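Everything on this sheet refers to the single structure shown next.
Chain lettering (A, B, C, D and E) follows the sequence in which the chains are written, and residue indices restart at 1 in each chain.
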Amino acid sequence: MSRSLRIAAAGIVAFGTLYALILAVLNAPQMQVNLPQQVALNLEQSGIDHPITAVLLNFRSYDTLLEVAVLLVAVVTGLALRERDALTAHTEQARDPMLHALTRRLLPLLLITSVYILWSGSYAPGGAFQAGALVAAAGVIARLAGYDIASRADVLLRLGLALGFILFLTVAVSAMFGGRPFLNYPEGWAGSLIFLIEAVLTFSIGLTLISLFVHAPGDSSPRGGDDDD
Amino acid sequence: MIVFDILLGIGLILAASGVFLSAQLFRSVVLFVVFGLLLAITWTRLQAPDLALAEAAIGAGLTGVLFLDTLGTLRKAKHKRHRKKETHS
Amino acid sequence: MTPILLIIPLAFAILTLLLPRNWARATIIPGLVLQVGAAVLLCIQIYHDGPQDYALGDWQAPLGISLIADGFSVTLLALTSLVAALCAVYAQYFLTRYPREQRYFWPLFWFLLAALNGIWLAGDLFNLYVGLELLGLSAVGMVALTAEKTTLKAALDYLYAALFGSLAYLAGVALLYGAYGTLSIVQLSEMAAANPTTQVALGLMTVGLLLKTAIFPLHYWLPPAHGGALAPVSALLSALVVKASFYILALLWLDVGALAVTVNAAQAMGFLGAGAIFWGSWQAFQTRQIKMLVAYSTVAQLGYLMLLFPLAIGVSEAAAHLAWQGTVLHLLAHAFAKAAMFLAVGTLVLALGHGRINDFGGVSQRNPVALFAFGLSAVSLMGLPPSGGFNAKWLLLQSAIASGQWHWFVVMVIGGLLTAAYVFRVFRVSFVQTAKHDIQETHPALQFSALALALMAIGLGFASEIPMSFMNLTDFTPSPGGSP
Amino acid sequence: MTIDLWYAIVGSIIVALSVFAFLTSRHLMKKLLAFNIMGSGVFLIMVGLPQHQHGVDPVPQALVLTGIVVAVSATALALVILRRYVRAGGNPAP
Amino acid sequence: MTTLLPVFVLATSLITAVLIFVLPERHIRLRIGLNLTAALLKIVLVAVMVAGIANQVDYEFRYELLPGIDLILRADALSMLFAGLSSVLWLFTTVYAIGYLEGAPNRSRFFGFFSLCVASTMGIALAGNLFTFLIFFELLTLSTYPLVVHRGTEESLKAGRTYLQYTLGGGAVLLVGVALMYGLVDQTGSMTEFAETGTLAAIPSEQHFTLAVIFFVLIAGLGVKAALVPLHGWLPIAMVAPAPVSALLHAVAVVKAGAFGIVRVIYNIYGVEFAWQLGVLLPLAILASITIIWGSLRALQQVEVKKRLAYSTVSQVSYIALGACLFGPVGTIGGIVHLLHQGIMKVTLFFCAGNYAETLGIHKIKDLDGAGARMPLTSIAFTLGAFGMIGVPPLAGFISKWYLGIGALDAGMSWVIGVLILSSMLNAGYFLPIVYRLWFKSRREPWPDEHIPRGRFETHGLLLWPTVATAVFSLAAGLFAAHAWSPLSWSSLIAFREYLP
């Protein structure tokens, strides 16, 4: 297809999308279900004060479980596509002494912030994903500064990646042994269990994002660990 | 504050267009990060601080870094290909 | 009972990820047995007690997420576990030549299974989105495993199509939530009315899902991905993964949005299907590589699924019922037959060391079982009796007659002949006696797992009663007609 | 018009723009950027449209949070494959 | 027992097929034993059922395949005629094939598909409704393709492609016809069962046009296999197959399946009386007559033995269709009995052609000079078959033609007599020169390619005895036509039951 034809076709599609979306947005009928109200009514029972965390880790925790699985799938594929013989260009300790020095001060700060965000998630904005992202940011900066983490000890790495998911799944399944439905939390334990899950998830998510960054193929990637255990 | 919202919305649209229209990938990525930051502000306007936090950390921050890092790899690969071509010719 | 089918694959995904290689291998068979057993138990339970609603975490539907196990979904669950089990047996022997890929194949395999089971059971539109993403990413991961240049490109194209498709789907979900305030499928199917928002939402979701199902003309990504992946991966993708997005599509058109879809739109879907049948068959007829032939065959066969919409929307209840039954049978028969075909072809390619159809001479002496499996699955694909494919085609033809839609009748009859045209290319060459190359022996398990799947496709011709009796337990009966 | 509806419309425009960009750009990275921005547009609609009707709604916000994480996983995966593809000699802008 | 007997008949060859596929190539004796045991067992089972049918026992097996649509295997008088023919000829052809393929590669595959082919033929014979018939009809296509391309040469692959184009196309047309029948006429599935007098007469007259259209769609589908002109193109080309395949394909399985289907549709679906009223029989009779003449004319032009026989088949099979179109019991008897007579005679002729080719390397008619002296038994068999085809009394072919002629007069279609006479003259025109060459010309140059030297017999015993046996059968069918168990008596029984109100 010639380029101008392609642009014309894309333009038509885009205008169609725009028209349809605007039409749909402006003509949305009056909602018949008021979900936020139901969230508010059940908030107390969920064991979490912050409604979004309650939705994420209690009301719709199944979504979150699968979402963590999505992260795991991404990182498993990332690990599978590591290059094992590409010797790293990363031989020098830290290319930039400035960065190195900065990192030493920034890292603890980032980690502390992430812990705070994680903890605040139970009553205010924040939670595992944001905290995990901060952990990842810390990891990425450390990596750029030349600290080599998450590239050795493959078993441990994989365990770390999966730890959050394992804990989540275990808690979810253990409910069934007590005769309660999958993904239910025991009475009165919801808050603390959710916090525990979030804490471990933060670690795993952070590690996942770091691994995806560190093990990405390319010149800057370190030597991959062995696939063999 | 309605003016601010209109400006913010237009800013979002402009940033997005910038990402697409820019000829250089590097500039696209930078504009993408800018777009993410604007979006983070938008989320606070929509009373979604969680999303603002997540967008800033993940959407703009982490994704941006991933893109930048990849850009570096692509450049190196390109150089290498060019060099190969030169030695061959 | 219901969530067991999610827990098993998720747990085994973790096990195979963490355990040392030999241990991980040892867990496969027990996992498959558990999985098939659980699926069968659930089938029996549904058969006795009727459709079930499972509120996850004890939160009822609009607030929480519920799993819905009805006749259709348990049929698909059983199909998934059967096909996956045989593909896994095959993969165990096939992957001995790919030690590196094997390490990561198994976790991805189990995640893929979890995603499929999750989609069949989902009772929530957003949950379907997450399921689709899990499915798409694990499928892409499996395609990319061999890390060759061509497969990586195929994986990228596949990934982009999958991502774009699920975003379009998500946009539809956003609109539907904005219009009705709920994500529960049960609630939405009661509320959704024919208004612009619903129709735009359905349109967006349909485009996204058509892209993910690789319906002509959005099929461009499928042949390289399915044709380039490892044989067991191709089998899983063609047999099961594309069906997931079709399942959601059927759910949207015939259940959630039944009141908002129009007969014209349904006819348009049928034309896409007809295009898929003709174009896919033509490409399969042209290609030189056997795996590409099978992949294009998938493109063509998916077209038949699209005929559900014109045959079931805006027609009499009897005709719609026939169309439904025919489509479900076709889905099942195609899943068995196509998995068998990819596995058989994988074995042949392994034995010959190449996939050029014209150099297939002599293969019938050294790999008769694999060739026979290919033949049996081809019988079902062509819609020749006795096979599941024939029964499906028969029901669809009867539905077309009952609603007087002769154009679809013609399309189906011609489609069968086109299938024969490309399938017999392979047979033709396989009767040539002289082999141009060395032909290696292959492990019997490779040949026989393909044969088992092919026999299932044939056997479905005699056991169509079983899926049909389950279909009668499905919650959503076809609506007698959309708005004009 | 509430600001929620305004942002939903902005989201629609952004989605349309990204569709255009996704279809026209040849570079695989640019397509990926378009995917991310399109996601953001969808998220804006997802939060804006219901909040326009009944005020702050934690459910779509939670959904969007999930969506953001899924998007970043997908992006990371795409970049990994892309980088490996380029390393194998592939052209990122076919 | 009465329900399962039809299944057993089918299973004897189906299970044999599976076992042969599983059996490794090198177990030759075991395979031969298996083949012969199964063939004999099948004859015994069929004989039991024939006796039962004569005593009005019902053999029926039903299995619901789809809601409202059953797989029915049922034995009635007509099906036993076809089943009896197939099972007897299977035995002879198997023996012949064992001799013919001695030492050839891929025998396991050959005999596997051979058995499958017979199983499909049995299924066609025993099919109790149109749907079941369709299933086995398609199965027959699939199981014969590997036999046609068995040799794997470029020529046979090409022939296989042509064969498929015709038969799969025909199958698709038949599918359309059957689907229309079920969808438009018969939603309950009871009218498409093969009832003894047909059940469609009860359909209101506004649907009669539809019925006529469906009739011709069905005939078009069946006509490909029955080699009705202009759908006969595959048959001469398929001659590249090994001789036993040609014998079985042409004498029994494929063409007869088509002819048998036409008989079924006319007698057991529409009912001959109703079909006559619809006015669909006359066009079919004309088409059959054209085929008879055209096939004979083309046979005259052929120089290869097998090709000439193939066109002869095109011509002869249409006698069956012609007989089915003649309204009246005598014509029916003529058509039905020819189903059997032509089968025995044509299989004899093909065996002979195979013997000449295998023993002396003769493919062309001109090389047959003096073969009668070298291979007397084969040549006698050939002569008997040829005279039978021409219709020389008291051979089997004469009986068929006699009844067809009387039937034509009964039905008031006296022009058919002219067709019969013309065709007989043409038959004589292409068979007599061969007979003349065999016996009255002497040989000067050596045989083209003598594989099997003269030993105790003129050729390999496994090739000779089946030939002699079928020749004796075709003689006996004519000589003892009045006997209670002769094909003629059996056909009279069928016709009697058909015309009984």
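What we mean here is this: a residue touches a chain if its C-beta (ideal position, glycine included) is under 8 Å from a C-beta of that chain, and two chains touch if they have at least 3 such contacts.
These figures come from a predicted structure and were not determined experimentally.
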Query: Minimal path length between subunit A and subunit E through chains that touch?
result: 2
Query: If you take the chains that touch subunit C and keep only those that also touch subunit D, what is left?
result: A
- line: In contact with subunit B as well as subunit E, sorted by label, we have none
Message: Of all the chains shown, whose C-alpha centre falls nearest the centre of every protein C-alpha atom combined?
response: C
Statement: So the chain most remote from subunit E by C-alpha centre is B
Query: Which pairing of chains gives the most C-beta pairs in contact?
result: A-C
- line: CA centroids of subunit D and subunit E: separation to the nearest Å works out as 68
Message: Between subunit B and subunit C, what distance separates the C-alpha centroids? Give it in angstrom.
response: 37
Message: Averaging over Cα atoms per chain, report the distance between subunit C and subunit E in Å.
response: 43
- request: Averaged over CA atoms, how far is the centre of subunit A from the centre of subunit B? Could you give it in whole Å?
  value: 19
Query: Among the residues of subunit B, which are close enough to touch at least two other chains?
result: 50, 54, 58, 62, 66, 70, 73, 77
Field: Multi-chain contact residues (two or more partners), subunit C
entry: 126, 130, 133, 137, 140-141, 144, 147, 171, 175, 178-179, 181
Field: Interchain contacts, given as pairs of chains that touch
entry: A-B, A-C, A-D, B-D, C-D, C-E
Message: Touching residues of subunit A toward subunit B in the complex: what are they?
response: 52, 117, 125-127, 129-130, 133-134, 136-137, 140, 209, 212-213, 216-220
- request: Mind listing the subunit E positions that touch subunit C in their complex?
  value: 21, 63-67, 69, 105-106, 109, 134-135, 138-139, 141-142, 145-146, 149-150, 152, 156-157, 160-161, 164, 168-169, 171-172, 175-176, 179-180, 182-184
Task: Spell out the residues on subunit D that touch subunit C in their complex, using ranges where they run on.
output: 8, 15, 22, 28, 31-32, 35, 38-39, 42-43, 45-46, 49-50, 52-54, 59-60, 63, 66-67, 70, 73-74, 77-78, 81-82, 84-85, 88-90, 94
Partner subunit A, residues of subunit C touching it in the complex: 3, 6-7, 10-11, 13-14, 17-18, 20-21, 54-59, 62-65, 100-101, 103-104, 107-108, 111, 114-115, 118, 126-127, 130-131, 133-134, 137-138, 140-141, 144-145, 147, 171, 175, 178-182, 187, 191, 193, 195-197, 200-201, 203-204
Statement: Within their complex, subunit D touches subunit B through residues 3-4, 6-7, 9-10, 13-14, 17-18, 20-21, 25, 27, 29-30, 32-34, 36-37, 40-41, 43-44, 47-48, 51, 56, 61, 64-65, 68-69, 71-72, 75-76, 79, 82-83, 86-87, 89, 92
